[in-house]
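Structures given as structure tokens follow.
Both of the next two complexes hold chain A, though its partner changes from chain B to chain C.
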Partner chain A sequence: MERENYWTRRIERRRLLGGAGTVALGASAWALAGCGDDSDDGDGGAGDTNAGVNPGTQTAATPTTAGEVIKKDGTYNARQGAILASINPYSGLDSGLLWGFTIFDHLWYTPLDTGIRENFLASSIEQQDPTHFTVKLQDSVFHDKAPANGRAVKASDVKASLEGAAKQTKISASSWWTQVLDRIDTPDEKTCNFVLKKVDAWTFSSTNGGSPLAGSIIPEEIAKDPTFMDRDLVGSGRFQFVSHENGANFKLKRNETWRVKGEPYLANQHYKLIQEQAAALAAFSAKQIDGVGLTNKLEREQLEKQLGKDIVVDSVDSRAVWLVQTRADGAFADERVRRAIYLALDRKEMITLLALGEGKLSGAVPPAFGEANTAAEVEATWGKTDVAEAKRLLAATTFDISKEYSIKYIVPGDTYQQFAQIVKSQLEKNLGLKIKLIGEDFGKWLSQSLYGSDYDSFITYPTLEYDDPSSYIGGYAKTIGGRPNWAALVDDELDGLVQKQKEILDDKERRTAVQNLQKRAFEKAVPYIPTIIRVTNAATWSYVKGRVVGRGSYGLFNGKLYVDKG
Partner chain B sequence: MRQYALRRLAYVPLIVAVVSVLTFFTLRLPFATDPVLQYTNQNTTQEQEDAIRAELGLDKPVLQQFAIWIGDVLQGNLGETFRSGQPVWPEIQRRWPVNFEILLLSVGFSTVFGVAFGVITAVKQNSPTDYGFRIFAVFGQSIPDFFLLILLIVLPSIWWNYSPPVGGHVPFFKDPYDNLRLYLPPTLLLGVGGAAGMMRLTRSTLLEVFRQDYMRTARAKGLSGRQVVVAHGLRNSLIPIVTLLGGHVTALFFGSLILEQVFSINGLGQFFLVSASTSDFPVVQFLVLYSAVAIMTMNLLIDLSYAVIDPRVKYR
Partner chain C sequence: MATKTASKAAFDWAFVPARPGWPRRMARLARQHPAGLFGLIVLVLFVVLGLFGEQLAPYPADELSTGTPLQGPSLSHPFGLNQLGQDVFSRIVSGARISFIIAFWAVFLGAGSGAFLGILGGYFGRWIDYIVQRSGEAFAAFPGLVLFLMLRTAFGPNLKTIIISIGIGALFGGNRILRGQTIIERNQIYVEAARAVGCSEWRIFMRHVLPNVLPLVVVIMSGAIGAAILAESGLAFLGLGPTEASWGRDMSGTNLSIARTGYWHVVVFPGIAISLVVLGSNLLGDALRDIWDPRLRK
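Showing the complex of A and B:
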């Protein structure tokens, strides 16, 4: 159930966060500090972009009455959707992220919506050259528990934490930790000099150096013996770990010495293990938990009907893009074949069937850069459906439509299967292909079919929601994480552009380079075909105030949440 | 009977050995999921993968792995879970009270209700009461447990915005009130649902017994109706009931999974499910063994109980 690799972690985190399916991911108002969810990266459907977030989305606190008095000392009750194998943040992404947003502090974080780095524990960050930067630390102390016992956070703690995290194979999803970070020198207690092995413009992004998971600051004593964290957690974050029951039902209390004076407002956070969505909805209705992720709009409508104005529902775009991946070799080597597939997919029908009408056409992946394209542009490019043209293109090639092709998808999971069935049906109807569906156990699907390129024609899946663009861009390179390109895409031009953008330190220039790369990739009909983005829904009782929505994971770093039950 | 019991017990090590071999090697068949894949990602190098394999003890030849594992088990060392790196035994110990309580309450309720309703329907055969209980039995047997449990949560929520407590395990002796609030509603519901089979069996067996000559004799002797039914009728109907009861107990060793899942109680059922789906070999291997021993023990106890219930049964 809890496979600790890159993809399963995503699924597990989704479960942990309380979602019941793909769409529910973001919905988890469990969102640690109740500040919205991690895929709430859009403007709730009101904007005119088609692919995810708008840059500069406003940090929006939930409505409060003018002059309202903040009520501190409340307890936020959150849903925990899955049992943790271990509380040790190094044992997996789920535990690492949960504590990363609560128990532990970080040097900095780069929100996906703005792309602008914000200092946390770091008081300043100065980059001397592309492979060296210096971080100065603010004053901060660890929780008053052994072995740190409330002592000050020092540069040596940062060094031990980050260098230790780089060695943790179960959590270091990003190659930045092993292939880019060389070492951290600590000339004094407040200074960390980072030395990189090579230039990587994505160093500060959220899956790399700014990871809320691997970037957690842990006392040096513990970082050198991480097994300590099998039993207890000591950090310097907003909340202090109190207890758990076999990896569930966590209790956290406020860190009274948190470096931001007066925060957090909440006195406690309690997590309640509720695995079934029906039970979560019931617990939410009974006010046993203060927020819940909703699986689809039917659930949302039912809950709104039942609980009316006492709840607030956030409906926002998911950051996940449903992708159809073809091959780039064999019968699919001809760009016209792949273009025909692009044009034969009816994305509006997908939105109707898969998302009950609530979704958007996806532009380029990563969606974080979707703002480059207006809705009209997306509809004319990535989102275009033209069956006649698709048939014409395919007929002009040697593609054998009498042969049976296949779509591999993940089982179990209704949504994965539904998406594969829709794609199959559209390709059969619009191009006359014969397609069989092959559902595969997640482990096999991931390791053999996707990573190992073991599929003969199509493979379908939703992209990861939490990654910064650097991960997606890698898909256009000849190798992905040291393995051959999953779709057998070997294109010197695109590979060169991927390598080049990594070295552009200026954010604006890099963004332009990435967008140009995406456009070029589209022109070449790369085998990663974006289709749609679904809307996620989350409900919160209106007495939960000070939430931050529209900021993705950044919203979880929120000390101003409070519970006002009157 | 002692000899019979000892003879049966003598088979236990043999069966355990066969089960261990089958489990151990089945998990490692070429088409089974490689546990190492659970801990790798697209950036994992071959060296890192090898290191993880070595860390999990999977780098050695399978026969050597088996020898190490069986040697450890014989010394009382069940190894460490792949997922958490924690020793297996304490993980089992922590969850065992959950299953024991579910088992005790569910079987208790299903037996009490099942036998009671069975006796009532047999005594009042073909009466409206009989028909009423029999209709209930059909429903009880037809509706899946998970649906009943979901209804238990959903309906009060829709009607009254109330939800029974879910999640976690509060030990009975630490907080009896919270413990029973968590366990009583679902086990009562499952018990009543599970009573259906027991009721039908009790009824049909009792009706058969009621037709026996000794029952007529008992009534002719002037015994009260209660004495006739309980002392003569019920006692002579116990063997099939106990057999069914044994089946219930055995099934609940892991059969509480549905209850654990719906009510988010972290017991052995969930532990097994999670471990099996993540190829956590040490846990799966032990729990299969545990299950085998539990089933064998239960079957033996049921067989031995026949001799206690019916003096005509002799074991040699």
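Showing the complex of A and C:
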């Protein structure tokens, strides 16, 4: 939530989800993206329809085993959920992510499961001090297309790409790009010296410096005139852009000069525009597409029953936390009022109703991360329901329960409304509040209600899915992306803790700091109330081999995927 | 006096068949138009549910966990439960209110105003007719969904926006039929006769022409009820409908994906409700047309 353009990203993301959501390689995951079509829930959860196979904590279901004959040159057919407004990766999250995982290369990436940076184009990264580090580049060439025409990737390309991306507004890079990254010096063609304005321990995370969007390496000529990418795409990634039909039905082919020799195994990736979930399921059953995101566990069960062992279904924890956001001022300034709300929410009922029983309690940082509080801790803190205590606490305050309060939520999107409905019912039933539901179009909801704090009592939504945990705790700072705290939370201690953890470079120490920060936030009954996460389901035909799951978006940078139809 | 008495005695009223009372007349009409009777019953039921549905429903429409989520039809929940454990029967009974409000106001404001403008244009002709007809053509060229999205952007996603947009869509629906009928009536001999005895144009319009085209207005409006309910359902299906419990909303979104996995009851019953009301309004409209149009009388 610390992202400057957090929800602007969400707008674009919704297009990806509801729309462009492509099944990148069908192999691994949307990490920054969730996807959602029928349900529009945006958590990449049960409502996902466009994700190929989602990230998770499992090991690969169909790994490439030793001695297995790898069948190269196959074509992976993926679903495209909706038409992209533009192929330019700087025009939105949908195109940015899609090409970021395929056409463009990156310096490094930090997988979700380990949290440890892995070098991509960077052959080495040396950090001289907390605000300076040097990246040495491997040998790599751009695709053999104008204007790069297969030339070598140079440090000046990296500088132009990353500094250029930091200025892009539509891709909504995280605040790291504008508030932490100062400049990149290029003493020679293979060296990039990064200079930061301030210390940020999350510099290498995949929502900051390791972003598949803003971190894409683009030829200098194009980076200086990004409008070129409205027409064509040239990168140095595993795949080369071949064609599209007005923002749909993309065709990519293997980059024969990819810096990792012998990869990618796949010869082609084809994206097929299938907007309706029912049509996507039919296309999957007919093997016209090789992977499909499933809306809920019922679809998963049905598909498993129909196709049995011929498919592999991945069910993994979403990293979108369903939040009930109240205020830290006005009628909710008293901590006891907020505590009463915490205790009046029945998260287990939420899991039963919203996630059809497939979900987990969540603290501020979702359980997928090592920085999350343990399940037992969450159960005893954020997840606790005690209606009697809630009533007692509320009665001890001057809170006016005869007044009508409101919950603002996003429309359209059935799941947003369902969640708001559940929260409303629980607060009415358990605390005797009177609550009115107000559905707002996303633009207004975002700009006025959330950013502008224009809500009098509650606002409900799922967070984005991030590959790093820092994004989830940014809401406790006094300012969020330069704006006053959305929930009017002004707490010096919490603000200090948020800033401090960014300066802890030791991973273990920082992890502990983030865990403690969440506990302290709970003790102070912050107005951001995490409730549950859902489970994402996605199916892939078992002839798709070499998939990588459980590593967040990292799985999408997989060159070892192949199709073995026998 | 004597003459008067004699003339009275000369006519035997017993030979004149007494006009049957309205119950018998209604019964006869019902026998002649069973489909129309069915439509009338459905619409009356719809209106009753629209007005008193919330009070009649066994559970509040939005009450969660009234039983096991997605439980099928049973004695305690005749139409089963949806994902949130809400009673589908109660939601249909309560949801009639939204459909009724939208249909009533959209038809009253849209089809009603449109009908009046059509008749006005048909009778007075000239610039009034020109303006009405050209406006209708302009609206016909403008996609209804785009208009709705514009209004939604301007006024937000609420019930009024839906009513206004459906109402505007209905404005010029039966307009031309009524205009044509009015032109026919305007040229009838009784109009010329009225004009000959010095009636003003406005009086002729109000007292003679309007009553003669009014049955057609009722027919058109009854059809418009069904169209308005379908329009609301269509918007709800696209996720643009009302936020309250409504039949269209219950047939879309998550319910639809759940229904595909075998829990048919979550969408079938709201669908039946919509179909019945649309069918009922059309059948009633047809019957009224048959009753009021002398050319169609048996």
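Convention: the second predicted complex is superposed on the first by the 491 of 566 C-alpha atoms of A that agree within 3 Å, B and C clash if a C-alpha of one lies under 4 Å from a C-alpha of the other, contacts with A are read in each partner's own complex, and residues count from 1 in each chain.
Here is the rule we go by: a residue touches a chain if its C-beta (ideal position, glycine included) is under 8 Å from a C-beta of that chain, and two chains touch if they have at least 3 such contacts.
These numbers come from a predicted model, not from an experiment.
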| item | value |
| --- | --- |
| Partner chain(s) touched by A:Q277 [first = chain B, second = chain C, both, neither] | second |
| Which of chain B and chain C A:T169 touches, first, second, both or neither | first |
| First (chain B), second (chain C), both or neither touched by A:T415 | second |
| Which of chain B and chain C A:N516 touches, first, second, both or neither | neither |
| First (chain B), second (chain C), both or neither touched by A:N296 | second |
| Contacts of A:G439 with chain B and chain C, given as first, second, both or neither | second |
| Partner chain(s) touched by A:E349 [first = chain B, second = chain C, both, neither] | second |
| Residue contacts with chain A in the superposition, chain B compared against chain C | B |
| Touching both chain B and chain C, residues of chain A | 278, 281, 441, 444 |
| Touching residues on chain A, where the partner in the complex is chain B | 1-8, 80, 83, 85-86, 88, 91-92, 169-170, 172-175, 178-179, 227, 230, 245-249, 272-276, 278-279, 281-283, 285-288, 306-307, 441, 443-444, 446-447, 451, 480-483 |
| Residues of chain C touching chain A in the complex | 62-65, 69-70, 83-85, 152-153, 156-157, 238-240, 243, 252-258, 260-263 |
| Chain B to chain A touching residues, read off their complex | 33-34, 37-45, 48, 51-52, 81, 83-86, 91, 94-95, 150, 153-154, 156-158, 161-163, 165-169, 261-264, 266, 270, 273-274, 277-279 |
| Chain A to chain C touching residues, read off their complex | 38-40, 47, 277-278, 281, 295-296, 298-299, 301-302, 349, 352-353, 356, 411-415, 417-418, 421-422, 424-425, 437, 439-441, 444 |
